[in-house]
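One chain, chain A, appears in both complexes that follow, with chain B as partner in the first and chain C in the second.
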Partner chain A sequence: MKTVSNDSVYDVIIIGGGATGAGTARDCALRGLKVLLIERHDIATGATGRNHGLLHSGARYAVTDRESAEECIKENMILKKIARHCVEKTDGFFLTLPEDDLGYQKTFIEACRAAGIEAEAVDPKEALIAEPSANPTITGAVRVPDGSVDPFRLTSANIIDAKLHGAHILVYSEVTDFIFDNDRVVGVKVRDHVSGEETNRYGNIIVNAAGIWGAGIVRKAGISINMFPAKGSLLIFGHRVNNVVLNRCRKPANADILVPGDTICVIGTTSDRVPYDTIDDMRVTPEEVDLLLSEGMKLAPSLEHTRIIRAYAGVRPLVAMDDDPSGRNISRGIVLLDHETRDGVKGLISITGGKLMTYRLMAEMATDLVCAKLGVSAKCVTATEPLPGSRNDSPEEISDRMSSVYANPMRSSAGRHGDMAKSISHDTEYDLSLVCECEDVSLGEVEYAIENLDVHNLVDLRRRTRVGMGTCQGELCACRAAGLLAKAHGCASKAVADLRNFMNERWKGMYPVSWGETLRENEYTLWVYAGVCGMNRKSEDKPEAKSECKSKGKSVKKEGNHEI
Partner chain B sequence: MNVQTNNVSENNFEQCIKCTICTVYCPVVPVNPLYPGPKQAGPDGERLRLKKGVFFDEALKYCLNCKRCEVVCPSGVRVGDIIQSARLKYSKHKPSIRDMILASTDLVGSTATKMAPIVNPVVSSKPAKALMDGILKIDHRRTFPAYASETFEHWFRKKAAPLQSAFAKQVGYFHGCYVNYNYPKLGQDFVKIMNAVGYGVSLVDKEKCCGVALISNGMKKTAKKHAAHNTAAIAGLLGRCEAVLSTSSTCTLTIRDEYPHLLGTDNSAIRDGVLLAVKFLYSLVDRGEIRLVFRKDFSMTAAYHAPCHLEKLGWSIFSIGLLKMIPGLKLTVLDSNCCGIAGTYGFKKENYEVSQSIGQPLFEQIRSLSPDVVATDCETCKWQIEMSTGFKVMNPVSILAEALDVEATVEENKKAGR
Partner chain C sequence: MRFDTVIIGGGLSGLVCGIKLQKVGKKCCIVSAGQSALHFSSGAFDILDRLPDGTSVRHPLEGMRHLPSTHPYSRIGQDRMKEYVSATTGFFADCGVPLCGNPLVNSYRLSPTGDFCPAWLSLSDFFLIDEPAVDPGARILIVNIFGYLDFNPAFIAAGLEKSGATCRIIAVKLDEMERLRSNPSEMRATNIAKVLDKDYVRSELVSAVSKELKGESAIIFPAVFGLESDSVISEIRNSFDTKVHFATTMPPSVPGIRTQRKLRKHFESIGGTYLLGDTVDRAELSDDNTVLSVGTVNFGDLKLTADDYVLATGSFFSKGLCASPEKITEPVFGLDVDYVADRKNWYDTDLFATQNYISFGVSVTDDFQAVKDGRPIRNLHAIGSVLGGYNALQEGSGAGTAIMTAFRVADIIIEKEEKR
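And now, the complex of A and B:
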């Protein structure tokens, strides 16, 4: 093992590249700290990218959890300002169905208002005009300021800003152990998943922001956090059925939120406790698919006939209170643990619990504690400082200016990258040609992402651009994108292996819903890749796949570690 | 659980598996780089438009609505309908005076026929063409169809109507604007054949233009009025007729399919009763209900062009089948190609070049065959082919009428008690 010689001690090392970790990296960097973030996979791969993408108004928690509701509406209003290109102000309806108690509506509205959430009863007829997909038998509707948020864009924007302020980000790198100096954690041992190389990294404070995986992380320091992994499954439909978020006006239950997000809509979720040792392999079961569909159809009956393109599941990092080892009193609130006072381990804190909606607040709380420990007095500015992409014109303003032919790919990329889209080259027919036809991702945008957004493989590219997220699930775009990655990285065999992984990863999500058109399309995809591209052969059979490419391309960065 | 047994919503685009066959067969794609092609304009674009209407691309106006994308789609996606519906729903482009003139076939036709002796030479004169080109943006290279001096309806009322009640069997006739204002001869040929095989003919009460030009020029409201009127009038006629026939493939397609798909007009009561005359005739012959006797001295070489909308209906085999019954006719079936005119599309100055480029392969094949006539079931194909190749174009019904030995046919059908 070697110690990376050129970097001295970081002020703070953050473990985990989800929204919370990225937000903490940004907050710390903005306060002038020297930051290193370490992520096992790519950014936003855990629970951050595996939820509804709902920009909660807080209404869902108003009756049962006032504190969460208040946090949500505050963060909701903040994100609508600082992350305009990541959110969409759709509004939401809380619908009362004939089987629900209409009396709950009054309790609900009062609880919302008490938490500072605008909630207004709407005549069911008017609600149906505003959102024609809603169940026509509704007996009541309440309008709240829900919206949708793209967690990939949000996390990426935080990473970009952290880097702009000097943070170092290591992806595909896993913390394998802590380095102690007596009772103080002074660093971490890191394994690079690509090169296999191991290094030591030193920091004054280590922040565990690894979500559900955080329990496993601190165990390496001999610390126990009582976490209860709760699996939540969701279904993605092929297009938008609704343009307003639909919820049930009752106590939170299974499959009672339908969120329109970009070109698709998502129904979810289920909620089931799962053993901690299964959290790396979440699969959606047929029973969950049935439940999501049958409940979802009550919100929007047309879901019965709408093509489902994917199923996926995430794991909520639920934390039991320290005085409640059985987990009966589980909190969905934010949990900030100072392991010095709690466990006698200096230099280590954990920020966990919470939800995507409150990532910024969690980051602020963690950073406040880091600063207190380091004696830094800088104040948090993330509630007012817009993220990169939302600093100048809004996607709508950019889009309104476009009237030329071929404007659609430019509109789409403005929607995805906000004001950063001006760096995307759309000057030539080549730049404007489409890589991903479902999601309107141009070649210019893919090249921009590869060049600027730390794309190591096709899955990374998907999170940055939506390549492969449409109805064809990579059928036509994946091979084109693989070609561009091969060109950028100067290695075709790596790109072929990457393409194979990508298509298998797509299939994993299609498998639980593989019937009808989704199955037909997958069969066609198989023809394209196995038949036309000859990818049905095992890689061992192909001599060229054995030869590892050396770093020929410009984008193979810094041998040995995956700093981005 | 019994959900999602049919996971295809009314949107219809969800069956698309992106195979791209539609774009390969689109006649516009190879000649107009500004057109995104049917897959992107249709199912792909629709997903984006459902996200936000701002994703409507005005380039969708380059779609010919030829429906060849729908014919080739192996997944049954109504690609052309998706594109036309999107244009009607989202386009901010208001129909210009030119578009309104081109689309208002009824109004223009009824005025022009009254003054045909003046209108025809004027419209075909160079100064008038230059004026229309400059002011209205109707391309000066385009030849306008001549207007008849007497409408078909007028002729029918005076000459044919009194004789029709003598026939035991009856059919209705949706003549369309072209027969009424430009070429009554085709309607007369139709009546001649039907009468010869023992059918009386009735017209649709106060028939209005089917509306195809109104739809393609974005005038949905007027089109819906026409659709409502025609649907009711045809329903009335079907009460006493075996079918309502048309000699225009486009009128037939519009009434049968565009009414419900694009205008939301419920035509379920009449749809199956609206047929192209050739299909009806062919079926009668096929079932042995009528016989056609042809002139022994008839001799002709013909090249048959299947109009796009007839291919969409799947009925070009009936035109070809009927023509093949004529002993003196040497028939060549042309390759499947779009002629490029697409109704009013090719008249517009901005589309002229594209329109002619699309038709090029068809024109070349016709020239190489050099037939006596080109046969086709569509009036605008006729204009386009006549203007672009100089060859004479006839509707299969007119060829049939010309080849028919009327007296022998009448005798044969009477004798057989048919």
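And now, the complex of A and C:
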């Protein structure tokens, strides 16, 4: 085991690279702390990347959970300022269908207003003019300030800013154990999944921000948190059917939110308790797909004829109250646990529960506690300090300034990277040639992401650029991008293996909806990748190359842990 | 409009069937919606390289003995298969499509990701080898067109280096090619091939590559030459003292499209009618299950009538089959389709495992008569990938089934005539 020398004792080590962990890393770094964040996979791969992408106004919780509603609307207004390039102000409608009780609308509007959420009843006819995709039989509509948010961009911007303020970020690195000094946690053992290497990392305070995986993390320190994984499944449609978020005006239930985002829309979610040991392998069932479709069609009937691109599922980290081991009394609110006072384990805190919308507030609460423990008095500035990408101009202004005849790829990259898109080279026609034709991703943007945004594989690249996220789900662009990765990382056989994994990762979201256009698309994909490329011939059929790469070009492997 | 035979679908199977019928004087009409599987071809035809249980097949005619009785090859029968397998190279040569390879033994081809895959017969652009390896002493120059992203020389090099060969990669920048870039999505195989079809662009390329040669024993180019004619292929080969090969690109496939065009031209040159860009959208059947006529989108009320009809509409991608969440249907005639009921059983969660849905297709008799409501349709035969009972990707039998069933159904239609 390699230990890291004393000079790298961190003030704080954060476990988990979702929105909460990234936000906490940023907040701690902005307050002058020496920060290390450790993430098992890539950033935003847990629940952060597997939800609606809804910028809640809080209206959904107004009647049933006033506290959450108030938190949501506050954070909603903050994110609209600090994360402009991640957010789209679409507004939302809460629709009353003939089968719903119109009387609920009054209760709903009153509860919204009491929580500080603007809510205004709109004549159904006018609502249908504003949002023609909505069910024409609606008997009522209420407009609220919902929006959409890109969770990956949001997490990435937090990571980028944390790094700008000195934070160290380790991805593909897993915390395997805690290091104790008597009753104090003083560090963690880390396994680098790329190099296989194990190291010790030392910190004064360890923050567990691992979402649903957090229960497993603290168990390694002998601590129990009573968590209840709740699986939520969603469907992505290939068109942006609606421009305004559509909700049902009734008590929250299954499949009652349709959120537009970029060129697509998302219906969700289901909600089912699942065993803790299944949280690493969430798969959407045909029954869930059928439910999402039938309920979604009630909000927007045209979904019946809209192509479904993928199905996916995430796991909410629901936490039971400490005095309730049965789990009946579940909170959806923020849970901040000081394991020193709760469990007698010093140096360890957990921040969990909550939702994507409140990630910044959760980060602020966790950082406040860290600072209190370290005796640091710096105040939180994350509610007012814009994130990288939203500091200068709006994405529209940026793409206008970069404008030329090749407007589309530039506009797309400005949309994805905000004011950081200025660093993308679009100088030559080579830079402008398209890698992904569905999502208008240029070669310049792919090379920018590989160089600057910590891309280790095609899935990482997809999260950063949307390569392979369009209707074709990577048919041509995946192979093009694999070629560019092979060039950048100097290893072709690894890139081919990565390409195979990437196509399988795309399939995971497609097979639950494999009929109609999705099945056609998949058959084509199979003809190309299994047929033409021969990827369905098992390794024993032919001599297999272990990904032993001669040191051509620059290597992806770095010394020690896999730091980005 | 009256024909002897109307063939619905103008891909490999439909064209082969049409040519074979037209050759013996049958008046044929092919209705083609447009692109076919040849447009994303590997450049090689496969016939059978793996049995359903996973056993590798070296000698396709031997392997066929182990296939289930409902497999199209089993329906054709061993003797006829032997005859058809031997006849294939000659048939394509007559159409102006030279093929290489030993029809009795599978060889290997080089895939775009640098793997050696089993293959039966190949278009003459490509090379086939007996074993999945190249000469370890080989020194190979791999040439790409600068900025062309659908060909990855590094993947090819990694594949060849596994057998010990030494590879060097260059990318050639050609002035004429740079003009394609005025549109960011123009660097596709077919557009590049159009530019390379110009003599002066090719000579620029040849002289650029000649200067780069440093005693290599072979040159590999992406297969983006000769959209119109394969004379360009031999011309490039003759321009170098070194051996020249072409390697498969990601789609679209220039050699595949050239082959599609050649087959179509040949079909038309011997008197066939090829209706491109039209779709058969309805059919009229008599009470005794006989097709009376079919109608197309473009011809509206004007019907196509024939003694015999051949369904060569392909599988899901070509819309020969349609899948809804509950069932799988054949859209033109509403034929019976063989598939498993619950959609959970249509797929495997591993993309590259055997996908059951690939083996779904229309029900047929041993004579490939299509079946509707449990009754065979006397004058409607199905060929190619609209058929069920075989898994083209798992077995490596897509092109083989297209060609063999086309031969067989053409013979059945010819024999019927002789009986009459």
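The working rule: the second predicted complex is superposed on the first by the 540 of 564 C-alpha atoms of A that agree within 3 Å, B and C clash if a C-alpha of one lies under 4 Å from a C-alpha of the other, contacts with A are read in each partner's own complex, and residues count from 1 in each chain.
The rule we apply is simple: contacts are C-beta pairs under 8 Å (C-beta built on N, C-alpha and C of every residue); 3 or more make two chains touch, one makes a residue touch a chain.
None of these values were measured; they are calculated from a predicted model.
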Item to complete: Examine A:Thr139 and indicate which partner it touches, taking first as chain B and second as chain C; both and neither are also allowed.
Response: neither
Practice prompt. Would you check which partner chain A:Leu476 touches, where first means chain B only, second means chain C only, and both and neither mean what they say?
Written response: both
Practice prompt. Return first, second, both or neither, reflecting whether A:Arg307 touches chain B, chain C, both chains, or no partner chain.
Written response: first
Discussion item. I'd like to know which partner A:Gly516 touches here: chain B for first, chain C for second, both or neither.
Written reply: both
Discussion item. Just to be sure I read the superposition right, which of the two partners does A:Glu437 touch: chain B = first, chain C = second, or both, or neither?
Written reply: both
Worksheet item: Who touches more of chain A, chain B or chain C?
Response: C
Worksheet entry | Partner chain in contact with A:Ala530 - chain B first, chain C second, else both or neither | second
Discussion item. Taking the superposition on A as described, I'd like to know which of chain B and chain C A:Arg283 touches: first, second, both or neither.
Written reply: second
Fill in: chain C-contacting residues of chain A that also contact chain B
290, 408, 434, 437, 476, 515-516, 520, 524
Response to the item:
Per the touch rule above, chain C residues touching chain A in the complex are 37, 40-42, 54, 56, 111-118, 132-133, 146-147, 149-150, 152, 154-155, 157-158, 162, 178, 181-182, 184-185, 187, 248, 250-251, 253, 315-317, 319, 322-325, 343-344, 346-347, 349-353, 355, 357-358, 392-394, 398
Worksheet item: Once bound in the complex, which stretches of chain B touch chain A?
Response: 1, 3-4, 6-11, 13-20, 34, 36, 39-40, 44-48, 50-51, 54-55, 57, 59, 75
Fill in: Contacting residues of chain A [partner chain B, same complex]
238-240, 260, 262-263, 290, 293-294, 297, 302, 304-308, 399-400, 405, 407-408, 411-412, 434, 437-438, 440, 470-472, 475-476, 515-518, 520-521, 524
Item to complete: Quick one: which bits of chain A touch chain C in the complex? Just the residue numbers, please.
Response: 283, 286, 289-290, 406, 408-409, 429-430, 432-435, 437, 442-443, 476, 479-480, 482-484, 486-487, 492-493, 495-496, 499-500, 503-504, 506-508, 511, 514-516, 519-520, 523-538, 541-543, 545
